[in-house]
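By written order: A, B, C, D and E. Residues from 1 in each chain.
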Amino acid sequence: MQASNKIRLSWRALFRDPIRPFGVASLFLLMAFAIAPAKDHFSEWRHYQNAYLRLIHDRSDAGTLQRHFRPGIQQIWLPEAGVVDRCKTCHEGMAEAGLVDVKTQPFGKHPPIPHSLTEFGCVVCHRGQGVATTVAEAHDSTLAPEEPLLPARYMEASCGQCHHEALSGTPKLNQGRVMLARYGCVHCHTVKLPDGSTMMPSDEPPPLTHIAEKTSREWIYAWLKNPQSYSATATMPNFLLSDDDARDISAFLIANSAASGAAHAVLVAATATRTADPSAGASLYGESFCASCHATQNAAGDVVGGDLGPELTGIGTKVKPEWLRSWLRNPHEYAPGTSMPQYRWTDQQLDLLTGFLAAKSNSDFTANVHLDPATPEQIAHGRKLVAEYGCAVCHEIRGIRKPDNFAPELSRIGSKPLAQLVFTSGMNQTLPDYLAAKIQHPRDFGPGLRMPQYTFTSPQVDALSTALLSLTDRSFTMPQQWQVASPKRSNYQPAGHAGKLMADLNCQACHRMNGRGGDMAPDLSAEGSSVHRQWLNQFLANPNTLRPALIRRMPRFNLTDTERAELTDYIMTAYQIPGIDPDAVSDSGSSPALVEQGRQIFYSKYACQGCHMVDPKQDKGYVGPPLTTVGSRLTAAWIDAWLKNPQALRPGTIEPNRDMSDDDARALTAFLMAQKGSGKQEAKR
Amino acid sequence: MPGRIDRYLDRMTHSRAWLSIFRSGNGPNTLHRSLAIQQSLFLHILPTKVRRRMLGLDATWYLGTLTLGTFLVLVITGVLLMFYYHPSVPQAYADMKDLRFVVSSGLFLRNLHRWSAHAMVFLAFAHMFRVFYRGAYRPPREFNWVIGVVLLLITLLLSYTGYLLPWDQLAFWAITVGSNISSAVPVVGAKFHFLMLGGNQVNANALLRFYVLHCVILPLAAVLFVAVHFWRIRKDGGLYVKQSEPARADATAAAAVSVAEPVAAADVLTGQP
Amino acid sequence: MSEPKDFVAGISSDARKAPKRVVFVTRRTSAQVRSVDEEQVQTYPEGLLRAALAVELLVIALVLISVFFDAPLEGIANPTVTPNPAKAPWYFLGLQEMLHYFPPVVAGVLIPTLLVIALVVIPYFNINIEGGGLFLKNRRRNLNIFYAAAAGLSLFLWFFDVYVALIPTLIVTAFMLLAAFSSPHSPLRFRRYLAARPVSWWIMTWFLFELIVLTVVGTFFRGPGWSWVLPWRG
Amino acid sequence: MAEDNKSRTAEPEDEISRRAFFTKLGLGSIGLAAAGTMSFAYQYMSPNVLYEPSPVVNAGKVDRYSIDSVTLDPVSAIYLIRVQEGFFALTAICTHLGCMTAWKPELGMIACPCHGSRFNREGQKLAGPAPKPLPWLHTWLSDDGDIMVDRSTVIPAMQFLRI
Amino acid sequence: MTRHLSVTGALALALLAGCSRHKAAAPALHATAAGSAIVVSSGDKQLGNPGTPLPQPIVVQVNDDQGNGVTGALVRFSAPAGVRFDPAAALTDSSGQVTTNVTLGDASGRYQLTAVSQDKKGKDLAVQAGAVAAGYQQQLGYELQKNYCSRCHDPESTPDQVSNYDNLAVKPHAFSEGDTFNKLSDADLAALVSHGGPAMNLSALMPAYGSTLSEADIRAVIAYIRLVSDPPYEPPGMVYAKR
């Protein structure tokens, strides 16, 4: 009652005579109106600009800096890219070379990059909200399409928006892309690239159509339970299957397996040799250079060898000897698409190798796996699981068709709005952290998820996240003039009978030809115009190495003379490049004086002995191939052209381009062509 | 010093120019003051006299006045905002960002517009209920009540159409949800929905239509009806007096009256006693 | 033209006639002129000054609010991503809450239309011109109607599980019952007050109560998927 | 009620003067507020950022232009003129009423289609209503050898960019 | 009234909860022993990237007078803003060592990481470990030199990449030799790389890369050399703020 009475009294006081409150209220109104512009005037960016002016005020280069300083809101406007960046409003010193020593943000100088800052703006690489003029809004706004700033560790992702080829400045991004292809991510997840192409996997999941011939159900079970426990380098991820599920899947795979066309000799001989002579097998394994592609665990316990094929440490436990033998004889019968070459081993060699490999077993892998005979229910359930887990996406399985877009498409994962992400409790709510967590612990994001568990190191996770973060909306809407042509993908296949032969030998697993093939061995696209026919023929017969420094070497295939002739002809004719004219430079018979002059500049002017050796007694150059027999190997025309511009003939070769004068080139060529002494002996042999 | 100001003001208010504009001139007497109302286009829709006790707070709570006040604020801020607004997709949203980040006090004006809009809706509702509970809708004021209801609807429509203009998620989905309700009307619903959006979904057409409605048609309608509303207050016998409260009315009156005849602002300016 | 008639029907528009105070004559009152000539003051300056004052206070409040609270602005409109929940402006949330229970035709069209019509026609009913209490005159009939209406409405709401609307209805009903069993001579002032309420008052109060409850619920108590959430929980 | 009593017992004239004071206060501050609002509106109306092409134009490499050639860039409305002494840039906007002028090689002069103003190659007016010669624009060579023209800065005539 | 209380209580609780979530209360560490010397046993002078963990953790050891590891000595790590240690402080293990993982700040350049322990008298024992974060340019330089230069300039020989260092009559300088490279200005280095050793009256064994590498590439290589040079490279004529 009292209170209400008071109120009434005060209201009366107020409304008895309006003049007085009117006056007072007007005064307050005036004040209120004064607040708004004041608030606008004391804005964050003005504060930073003043701080910048204080910073540069007493530097020795203050004059220049003050001349460059532009007060007020600075903006980079790129209509075609939809970029409105006002970052420079606070980051005033961004382009000031003089401020390279300033570490305090926002005034530091931008580190050198290959692009002009004003031409591309800031948000294209750094993300964040370019239009904002307040720190919080600009850096961590999360409203699509505004994204929070991209952390520095993932910055290479921004390069990947335009550059789809491998850049030397972005190792992390390159690694991530390779991993996406190698670890089968792109088997399940479609990744479309702005140029319309789709990311292709680079791994070779074996077909499971005839798996019963290859291995035992116990091994399958143990493998399914944990592939990495079989070999640490296994690329197949762990699906965290329950014992029963693993049991049923293995049951189904065995039951589902059909007979392949491969003829399985009964391996009496092999079983004999297995006990007989492991060292012979080992030496054969060695001189066939299996280690170029296959790794094995050595006594010290570290895995050595190539990663093109599977690790062979426990191969004996994995595969059945008869299968192994037939596989070694001709892999294409079992897996037509494999990149394992068909060595032309003799039966005796096959036995040796089979025995040697079959002995490589870690029997404790399957030791405590005991499976009862499969029941029809288990097999049926196994089939269901196989379909459920999408095994058929990677592996060819009889009677199960490959499901299309089995997992979410990732073409634009890099700019997925936070609102659409479901985070686990307690994790940082940012896209990079989400991706990293998803890669490391996929199953934490809810029950019933099928994404398997990989075993990646944290640098690998970083690389993968970087590659994924480069798949943004923006990359699809880049202005025409920014788009970088992605590297041509060629599916060149050698033609004809020789082509078939090369397919059997899988030359392209290691050699690149006309844009397709591995990068383990030299590109052969220009081989025909570079080497002598005779040398090539000899080489195919007995591929001695050109570079003693390398571990990986060309294996020796037991080619028949006709096969060699055929192959040589094909290479010599098919792999010519224009501009190398064999007749332009005389292949032999140059004056000794010229040769001597060549020797002079070889040693003095160009100091080639630093990397090459001509005279093994005095030269030790170890970087480039030895040139002791170069005369019998390479054509003069090629040497001449090579000396003048190596990169033109083999892009990326580390032989520096010395812009050699024609005279020098001719002299050196003459000198090098003279180095064929041992070549002659070889020819004789 | 104040004396001089007074003299200047005095001279001003008696200059021919001043008198040619404010014909009534001004003075303390009733005639001048009645003329001041009658001869002004804007004021003449008000009665020249008003019952003193209606000026007390508890009679009307000034809700109508306040609603009008918000409307004026909205008109002013709205006009200013229009200078920076393009009713096109996606430019509209970019303009919001510019208002927020680069236009001097753009953020403030937008806030003022937005909050005033909410205030207006609230006040309009409050006004309606207040009028009802006072019984001020009774004859002869029933038509004015109807106009009031129309004004309430216009207010809602104004706020609703304005809601889409920022073109953010909030706007888009509020309008999507809202407009789909209309398509539930049995016969004409779909057609109406189609016309309202200028299509089947909320897109650039819809934005433009809502813009025109919000900035031209509805405000004009509002002004018109407000004028009628006020006019009818006067014509229906001034602000409603509750017959049932003479006793309290007197009290209020006694409280509201001050002994001295109040001095009008203008009189003070002219310095006349 | 024809010569003027001596009697002209229609409304006299003689400017010299002073405007008459309009008096309303109800059925049970005889027309007698009560001229309470209470004191009047000039609108200018008295009224205008007060109006200006009120508006000034309003503007001050609005300006302060606008300085300290920013208007919401979310991400750019994206037809492919629906925020959860997608809410209409607050003054429509009562309606949206209804839409949660009833088909659009009912909640989106029927109810609003009826509301508007009801509001429009209120003044054209003479039911409460005298402002007589609902249950004072022919009590039995009104009671029956009231029982029927209350029960019907409650059942209807209960049938659709509209508890949000049902509870206020029941509360109002309770008060109406209290009113029904009170008289102008009740000892309690509050009961006397209730007893004197006319039917329109009850209806409007019910409507206001529902409006407030539904709007508050729709605004604060509805979360993703229009599920029930408590605003003070997270 | 204290308020009331005071005001009731107050002397009429000082009551009046107090009212006068409050009135002046009220109207005065409203007037000020209005004035402030005007300046506020002015500030608001003048944009802080512009969505306009930058005044600096990259006119490309030197060898694009032969000696004694007059090249009109219609997009940026400038003439790029190379003479023996070097380069200079003129605005192509007529100083009369802002029409876009055109270079007439056969006449060897710049002509405005609207009202027939004529300028010579250095921008001096030869005929017509144009009040001023065509202004010369600031021109310089960028680091990578491109000719840059700043349309926003006018330089005195006959300052050639030497190559 | 009670409601008010409950509400405020709830607020307070929420506040507390929020705070506690933000700062994970680290268990208080109490040194049970003290050494007389502290050394970096591994992880010094690493090359990393901005905002990224260093490839190897940093291991420091606290020794007593005899040079044996001291167990239970408290070691605290500190560094410029932006650098994160995990853990930032720990007690030495049985071998007297503390291992911490370091995440560099977001700026490229040189970072000084400090490990501090206390001896018996409570005097600070500090040791510095250096780390460099390669920005884009330095990263590019690193990749380029790995391909073109390291075969000769890096004495380290690995199976994958046999070093040619020993085969050279005139020994190249490892890029970390600050004493050698800091004497040369950027221009000199650029000339040396692009025109070869003879151009600078140096060994002809250094070939000219001017036609092989672009100027930007060469700048990048130089930036890398400056980054890894030890002692650190001080650019000449650098303008520092007087304050």
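The working rule: a residue touches a chain if its C-beta (ideal position, glycine included) is under 8 Å from a C-beta of that chain, and two chains touch if they have at least 3 such contacts.
Bear in mind the structure is a predicted one, so any value in this text is a computation, not a measurement.
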Starting at chain C, fewest touch steps before arriving at chain D: 2
Most distant chain from chain C by Cα centroid: E
Chain pair showing more contacts of the two, B-C and A-C: B-C
Euclidean distance of C-alpha centroids - chain A vs chain C, Å: 70
Distance between chain centroids, defined by C-alpha means - chain A, chain B (Å): 67
Inter-centroid spacing, chain D versus chain A (mean Cα positions, whole Å): 54
Per-residue overlap in chain B, given as positions that touch at least 2 other chains: 55, 97-98, 102, 104-105, 107-108, 257-258, 262-263, 265
Multi-partner residues of chain A (at least 2 other chains): 12, 15-19, 22, 25-26, 29, 33, 36-37, 39, 73, 75, 86
Residues within chain C bordering two or more other chains: 46, 49-50, 59, 63, 66-67, 74-76, 78, 81, 83
Touching chain combinations (by label order): A-B, A-C, A-D, A-E, B-C, B-D
Residue ranges of chain C touching chain B (in the complex, touch as defined): 21-22, 24, 36, 38-51, 54-55, 58-59, 62-63, 65-67, 69-79, 81-83, 86-92, 95-96, 99, 103-105, 108-109, 116, 119-120, 122-124, 129, 131, 200-201, 204, 208
Of chain B, residues touching chain C in the complex: 30, 33-34, 36-37, 43, 46-53, 55, 62, 65-66, 68-70, 72-73, 89-90, 93, 96-97, 100, 107-108, 110-116, 118-119, 121-122, 125, 128-129, 132-133, 135, 137-142, 145-146, 149, 153, 156, 159-160, 163, 166-174, 176-178, 180-182, 184-186, 189, 201-202, 236-237, 241, 244, 246, 249, 253, 257, 262-266
Residues of chain D that touch chain B when the two form their complex: 7-8, 12, 15-16, 19-20, 23-24, 26-27, 40-41, 43-49
Chain D contact footprint on chain A (complex, rising order): 9, 12-13, 16-17, 19-20, 22-27, 29-30, 33-34, 36-37, 72-73, 75, 77, 79, 86
Residues of chain D touching chain A in the complex: 1, 3-4, 7, 18-19, 21-30, 32-33, 36-37, 40, 43, 48-49, 51
